[in-house]
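First the structure, which I've put down as structure tokens, then a few questions once you've had a look.
The letters A, B and C name the chains in turn, as written, and every chain counts its residues from 1.
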């Protein structure tokens, strides 16, 4: 186990290095630059700004400077929010998104797995159809329809909940974003769980267990649950990263100040250091969650070797 | 039980190898077909999808307006004059620019169905093969392949899209490339997870012992056994793709005006939903129905192809 | 925990309100007989997160709105764009209007209690042009030709050689290269606001954080959560604090108009905005809360006059004539915009642009003329004019581009391909001249026609339009007492040669709750000060 983690850690270093080089190259190849504005500015003024942020140096030199700073934990100054460093911006907004995402995921995992299991055990019966149809509603209504709809109903028509803001995470401000996000996730998790459990229930070892006359509950919880979770865990890994790093639509519509906005605005504004910052962050998270997923695989199915 | 399973698996593998088609005379495939057609929800859904495809191809024959032409009269007050009506010929009403929503929905259906189906197909094929190979071969190869997936997942998507646009200009095919390029990654991860578990099963070991080549084992034995979960995931992917397209369009790639898509129509319709509900309702209805149908078809396929069933 | 905090802040707020207003000394701008609410807190949508709060680095409206609450320049701007005393009580000029001497009030204080002196202005202005600051607006100091500004920006001279001087603590002197009539108006701009030297030097780029910032405006910064909220509280050291009424102002950076409307309706905002599509139903719902005011901005299409087909003036004119601007303003932008036939908007101060001849034609006549011009240029149904229309990704630009391309198509043999690009790609395409026709817009930096007409006045513009007569006209206008004649001739040239197609003049739309008073929503440059605002009792 420790050996495994150590190996993964060593592998992470070249992975991140390649990731940063590719991202850097991609960013600098894209048209436009951080201080290109519609109003434009005299060449001397632009030159002064570029000099201040080292944007006048060759790209490889900029990369080395970036890498040097990164190793010291400095993600550099933001080129869009001039008064802030990327560190100033990323961590508070990640906390917001992780709170919304964490609650959504918790709700979605519990409800989704329960619904999926119930549906699978009533495969092609009315309960299956009812549950899956309900769950599907969460998928077919895109977030950018769901969010305004929720606000229209719950904030404007009945005035139960605020229409936006964060207010340090007071629960009233959490409900709508979490709801808008979770509905989407519940449906996905429920469907994967359902499909997986149906498959598991018809496999030989479950049939053997049934033949042995084991109680139903034991069969499900002891024998079926673990193999059922295998694809669910595979699915949750990347989902986790996506959910923790937030959703632009939620951030923009509810004005929560989450990190999702930084992904999109960073790219649109060519805020190079912000883009690098969030990319490295996501890269680290992917690597970590993949490692965790692999560990869980081994726990679920001890025969799995790497 | 065990034999049947393996045979179906081989059937499927051959299907995959020889491309699709050449189904005739294979009794087990027909078996699956029979099972599929016994599933009423799935058959009904397939029928509806067929209708929607027909609508997207021939629907414009019945339109009174082209999808790009502005009805200047309706534009003067879209809320009152742009209502759905048989008399004006705007069956679905107009959008907020006075363009015929019926014609635009037809046009949007083409794009969205293509995006949904084609890019899912691309993602399924690449993702399944990549994931199965990675998990099956294991060791160093698996390590490198999965690290590549990690890098690709973390790359800023926006810049990939921007660069694609800079390199290739505005071409509809780019939507598929861009969407396919990111969405196979998750599929690959899921398939790899399943493969890791499958590869310890007896029948794989048996195949090994018989000297079957690695590639053949992957295609003939591993891939068919992950098909179930792949189909379920694919039915989740199609709605994701269709919505994703509208996000790419928002970035300036994707469909360009005057062409449109369901996603684009819906995101425009949301703004006006309080007083011109039809602008949201028509495209959203098409989307919702299609997604439900794909879902049931996916489940039906899964059941039909699962040899352990029944 | 949260409850106690809330309670505390409520008590505090009412305590402040009580001490300030118990003797009923109302501020000058509160109409007699107005009953003020007990809680004077104001929440407004600021449209977007500012790039900076540092006056010398601010560019764009969101930052400027905030800076006017936090800082105060030499002069302020009144509701109608008039000059009002700020830190300076007034100014004098020498005989040829090249030296301005501002007399500073001696009771202006920073939020930490320090006195605001002429040295603060010297420091700030030198800082604006100092290359090390990296100010994107340093060129603003160059516009009036403050002595040596250009040389300092170019790195040829030290910033200490800028033509500004503290004669004594309360006398600030500015030397200009030539007389510039509108200079006094420019000092109300954020770039020329003072900053607190010790604070800037101590904290570097992060001096504007709530914990560090020292302000001389009516408010000081108490909370700043990027993309969520910015809270300002009353600066009791402000010289005119007695006339300030709002105790706490919250600025929300809401980028989506639909989100702004949602939060306005649910009562979370005093000032908000809305998607323009909703104007008609909203008029019925809350017509008296919608405020539409002209803005000092022009929306236009720019053509690359060096590249065919736009090197042909007939093509340019034909495209301009065939746009039915009335349809655009009435049905597409639909919130009170005015059709534009000239580059300078009608509301500009001290100049009324003479409408060009084609403005008074009917659309049918214009379409006829357009078709004739295009035919003359050699285009016909068998040889239609084909081109790409470039715009940056946005719902509003998209709608206009669609409508205009349809207008062209119906009036003459033109086939337009719409091309939208994401913001920076669009800017870079425009900058490099890789377009044939593109959307553009311009908002005045100050209320004087040259802020518009100078756009084409140097020959350095995205469309590569160069006209020597125009350049000379703009150059000589700089030092004229009344440059109207030059400006009119410049507009005439634009109508004759049509290097750009003016489309409409912007308006600002706002939703304002009836309980809000004193809010200068109608200032042509969109300049307002929260210290003028008050909340009426229900």
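Some notes on this structure:
We adopt the following convention: a contact is a pair of C-beta atoms (placed from the backbone, for glycine too) under 8 Å apart; a residue touches a chain by one contact, two chains touch by 3 or more.
Remember, predicted model here, so these are calculated numbers, not experimental data.
In terms of Cα centroid distance from the overall Cα mean, chain A ranks first. Between B-C and A-C, more contacting C-beta pairs join the chains of A-C. Separation between the centroids of chain A and chain B, computed from CA atoms only, is 22 Å.
Averaged Cα coordinates give chain B a centre that lies 46 Å from the centre of chain C.
Centroids built from CA atoms put chain C at 38 Å from chain A. Across the assembly, chain C contributes 258, 422, 425 as residues in contact with two or more other chains.
Looking at chain B, one finds that residues 162, 166, 270, 274 touch two or more other chains. Multi-chain contact residues of chain A, defined as those touching 2 or more other chains: 30-31, 148, 152, 268. Within the complex, the chain A residues that touch chain B are 11, 14-15, 18-19, 22-23, 26-27, 29-31, 124, 129, 132-133, 136, 139-142, 144-145, 148-149, 152, 188, 191-192, 194-196, 198-199, 202-204, 227, 230-231, 233-235, 237-238, 241, 263-264, 266-268, 275, 278-279, 282-283, 286-287, 290, 293, 297, 300-301, 303-306. Across the complex, chain B meets chain C through its residues 68-70, 72, 75-77, 79, 96-97, 99, 162, 165-166, 170, 250-252, 256-258, 268, 270-272, 274-275.
Residues 258, 275, 277-278, 280-281, 327, 330-332, 392-393, 395, 398-399, 401-403, 406, 418-422, 425-426 of chain C are the ones that touch chain B when the two sit in their complex. On the chain A side of its complex with chain C, the touching residues are 30-33, 35-42, 44-45, 48-49, 51-53, 77, 80-85, 88-89, 92-93, 96, 148, 151-152, 155-156, 159, 162-166, 168, 170, 251-258, 261, 268-270. Listing the residues of chain B that touch chain A in their complex gives 1-2, 39, 41, 138-139, 142-143, 146-147, 150-151, 153-156, 158-160, 162-163, 166, 185-186, 189-190, 192-194, 196-197, 200, 228-229, 231-233, 235-236, 239, 243, 246, 263, 266-267, 270, 273-274, 280, 284, 287-288, 291-292, 295, 299, 302-303, 306, 308-309.
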